[in-house]
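For reference, the structure discussed in these notes is given below.
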Amino acid sequence: MIGVISYLVFFATTASILAIAVLGLNLQWGNTGLFNGGVVAFFGAGAYGTLILGGTPQAGHLGGFELIYPLALLGGMVLAGAMAWIVGLLTLRLRHDYLAIATFGVAVAFENLMRNAEWLAGGAKGVRGFERPLRDALGDGFTYNLIFFAGVLCVLICVYLFLERLVASPFGRLLRAIREDEEAAQSLGKSPARVRLTAFVTGSVILGLAGGLYGTFYAFVSPQDVLPTLTFQIWAMLIVGGAGNNRGAILGAFLIWGAWTASGWALSRFAPVEAQLYTGSVQFVLIGAVIVGMLLWRPQGLFPERLVVSQTGITPQKEQGA
Amino acid sequence: MPDPILAAEAVTAGYVPDLPILKNVSLAARTGQITLIIGPNGAGKSTLIKAVAGLVHINSGRILVAGREITGQSADRLASNGIAYVPQNNNIFRSLTIEQNLTLAARRAPAQTGVPLESLYAQFPALADKRRDKAGTLSGGQRQFLAIAMALAAAPRLILMDEPSAGLSPKAAQEVLEHARTLTAEGVSILLVEQNVNQAMRLADHCYIFAEGRNQLDGPAAELLNDPVVGEIYLGGRRVGAA
Amino acid sequence: MQNLIDGILTGSYISLGAIGLTLVMHILRFANFSHAELLSIGAYAALVCDALVSALTPAFAAKLGPLSLTWSLMAAIVVSMIFTGLSAVVLDRLVFKRVREKGAELSMVFASFGMALVIRNVIGLIFGLSPELYSKDIAFAVVLSRDPLLLVKPDQVFVLLAALLLMLILHLILSRTTFGFSLRAVAENPALAQVNGVNLNRTIMAVWLIGGALAAAAGVFYGLSHQIIPVMGRDLVLPIFAATIVGGIGSVYGAVLGGFIVGIAANMSVLVLPAGYTPSIPFLLILAVLIMRPHGLFGEARA
């Protein structure tokens, strides 16, 4: 019994961490209309940053600053945010494709760098030597996992509340205005590029937070954790759940992660031995099909964006004939 | 009485389906004449031209060419209906040479009745000299003439012109408008939108005055030329309800 | 110097891939992340066709001179170009057109991500994951000079010449034929092109056909110099995008120049950086272009 619960806790922890990432992406795409083609790079920056800043000194690569955990996590988030700021500054005034390509390039370059720069982050061997917070007090067992899960859940709820308030705030209205009609917003004196940059960096910081938590959970990160696969998974979660809707985003995370692990388990269980090599391919085809299928069938997601009414008591009137 | 070359009947149209700019507009352009549309900014003059050209969505109403309905056809069908369109801005391809612009324009003529380039060069000698230059290097006036030449390349029976004199010196503007007059002498009909009210009204046959998306008034251009009602409509003093 | 030569050869197939992409990006206004998969489709289609032709007419299995190419492979390249061009049109009809009609342009970028995944892995499921080669023979390099040591394989020369030939043909089409004018017209101003009688849907179809055909050639050329693996598209996405950005989105000549720049830069980079960093070079080029000249060498902001 404990085994099943233990597995569920494990599953839910990962799903929650990914849900935080999806929320960050939702801010970028759902609320602001920005295409982040390299989600995994910001996620990875958070993970690597946290582990390097908070870990014990390791022979052969940078690290071991042994900062206290909250600082290490913050460091990871700042790293993600800085990357986002540079990329955003260069591309956000140009057509939207540039951001997509540039972020995709960032992801490629990030993985490439982490894989090759042994002096920086251990190369293919990854970053080890990270002490999970409160490990001394709570040990390594089921109790720890449960408490960690509770912690992650808290962070998820906090991020959710933060974003919900953001969407209802003047800044959120500004984001929507820019998304709907940029010229009108510009005429009001708002700088769309700067607003978008803020949204992009904030979203990326949240991605970094998720990455930091992920690295903490496994106490290890390697280039294998920053492959484009993760970008596709997080995108699929957002598309399925509903872009623009934070609750949908969280649900999408759990749904897709559940489907991914379930399909992985089913394939390894039922597929013949010779075909085991191809289970990955099948999963990729499925996720690609889910992405394309959702876009064709229900692009707004399972839980479409709810219209936010910023002033209660006033319902929009249909325009009378002029 | 033969059909007008172009007739718009109760056309309501706009760039966005929920926001019509033209409201219930009716208009007729007679064959072999210059029909002029004038009016204050935002009156919907260009929008009507674009609706005829198939570039703007028509919510209701009909467009007929010589009695045949063409409502809702896409813009690439213009030539097969014998219509050519000279937009106000961006009316030539800057990255192509004059010759390439004209060749492209001539090719769309239905059943190869296109005008041979040499005859176009004879009409517009300034273009002939620069035929291998990229159109982007031309002056404003020369670009207008190229745009008109491109319109003529498919031997149209009706040309839609949207403010052809915009941005031109008074002399160049006069040349363009007078050239329009000579075209009608050859049997081509012209539907003309202009801000250059005085010059245009002297050359036009019939004139429509638009304001706020509706046809406020129309009549022979010579009569309206001296009618103070024109100024009133421009200044907003006089409005007609649903036509 | 050897790196420069290798760079030029790499550049030739990146250029071919970039031409199709830059046209699609400009006319349809979306970054097609699945374009690189057209190279894979082309490479595999040629593989299949080559095997078929060789089996049906053994005489065609003879090699052309010093090249490792056989007559059947040459025929296969042509067939593959047609097949891949048609595949591109089909993919557009099935997926991109429908997404286009439903709304946001950005959804198309999305959809292209998904399509890339599907295509790449379906190829893997059909053909298996191990690398393939067009010819099992070892190709011997010709020594161009001994000092500095310059080696060139006859296949590589063929690839360069063939690529240049294809580009020349495209150039002639664009600068001499009315169809070429109509393509450039649509790239510059689609509404005005329509007004001048150009049918947009047919032009879009032509763009996919040309892009797909060139991509197929690029895929085969890549396969001649490297191996053919199902995920070859994944490694080509960024270099091809970099080429379009360097050259300027919408400019065919820019794409050609950009492709060679990317190829040369990537190959010359090993002189200063360890070889493992080569995949990042296209990204650095993109950054450089965005900082110095965002619209690329020949690009302009679209009207």
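Letters A, B and C name the chains as they come in the text, with residue numbers starting at 1 for each one.
Everything that follows uses one rule, which is that a contact is a pair of C-beta atoms (placed from the backbone, for glycine too) under 8 Å apart; a residue touches a chain by one contact, two chains touch by 3 or more.
Bear in mind the structure is a predicted one, so any value in this text is a computation, not a measurement.
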Revision key, fill the gap. Relative to chain B, the most remote chain by C-alpha centroid is chain A
Practice item. By CA centroids, point me to the most central chain in this structure. Key: C
Practice item. Please compute the C-alpha centroid of chain A, do the same for chain B, then give the distance between them in whole Å. Key: 54
Study note, to complete from the structure: Distance in whole angstrom between the CA centres of chain B and chain C is 43
Study note, to complete from the structure: Distance in whole angstrom between the CA centres of chain A and chain C is 32
Point to revise | Touching residues on chain B, where the partner in the complex is chain C | key: 53-55, 74-76, 78-79, 85, 87, 90-96, 100-101, 103-105, 107-108, 150, 154
Point to revise | Contact set on chain C toward chain A in their complex | key: 25, 29-31, 33, 95, 98-99, 102-107, 109-111, 113-118, 120-122, 124-125, 129, 234, 237-238, 241-242, 245, 249, 274, 276-277, 279-280, 282-284, 286-287, 290-291, 294, 302
Review point. What residues of chain A sit close enough to touch chain C in their complex?
Key: 33, 35, 37, 90-91, 94-98, 100-102, 104-106, 108-109, 112-113, 115-116, 228, 232, 235, 239, 277-278, 280-282, 284-285, 287-292, 295-296, 299
**Study point:** Contact set on chain C toward chain B in their complex
**Key:** 178, 181-182, 184-185, 188-189, 191-200, 303
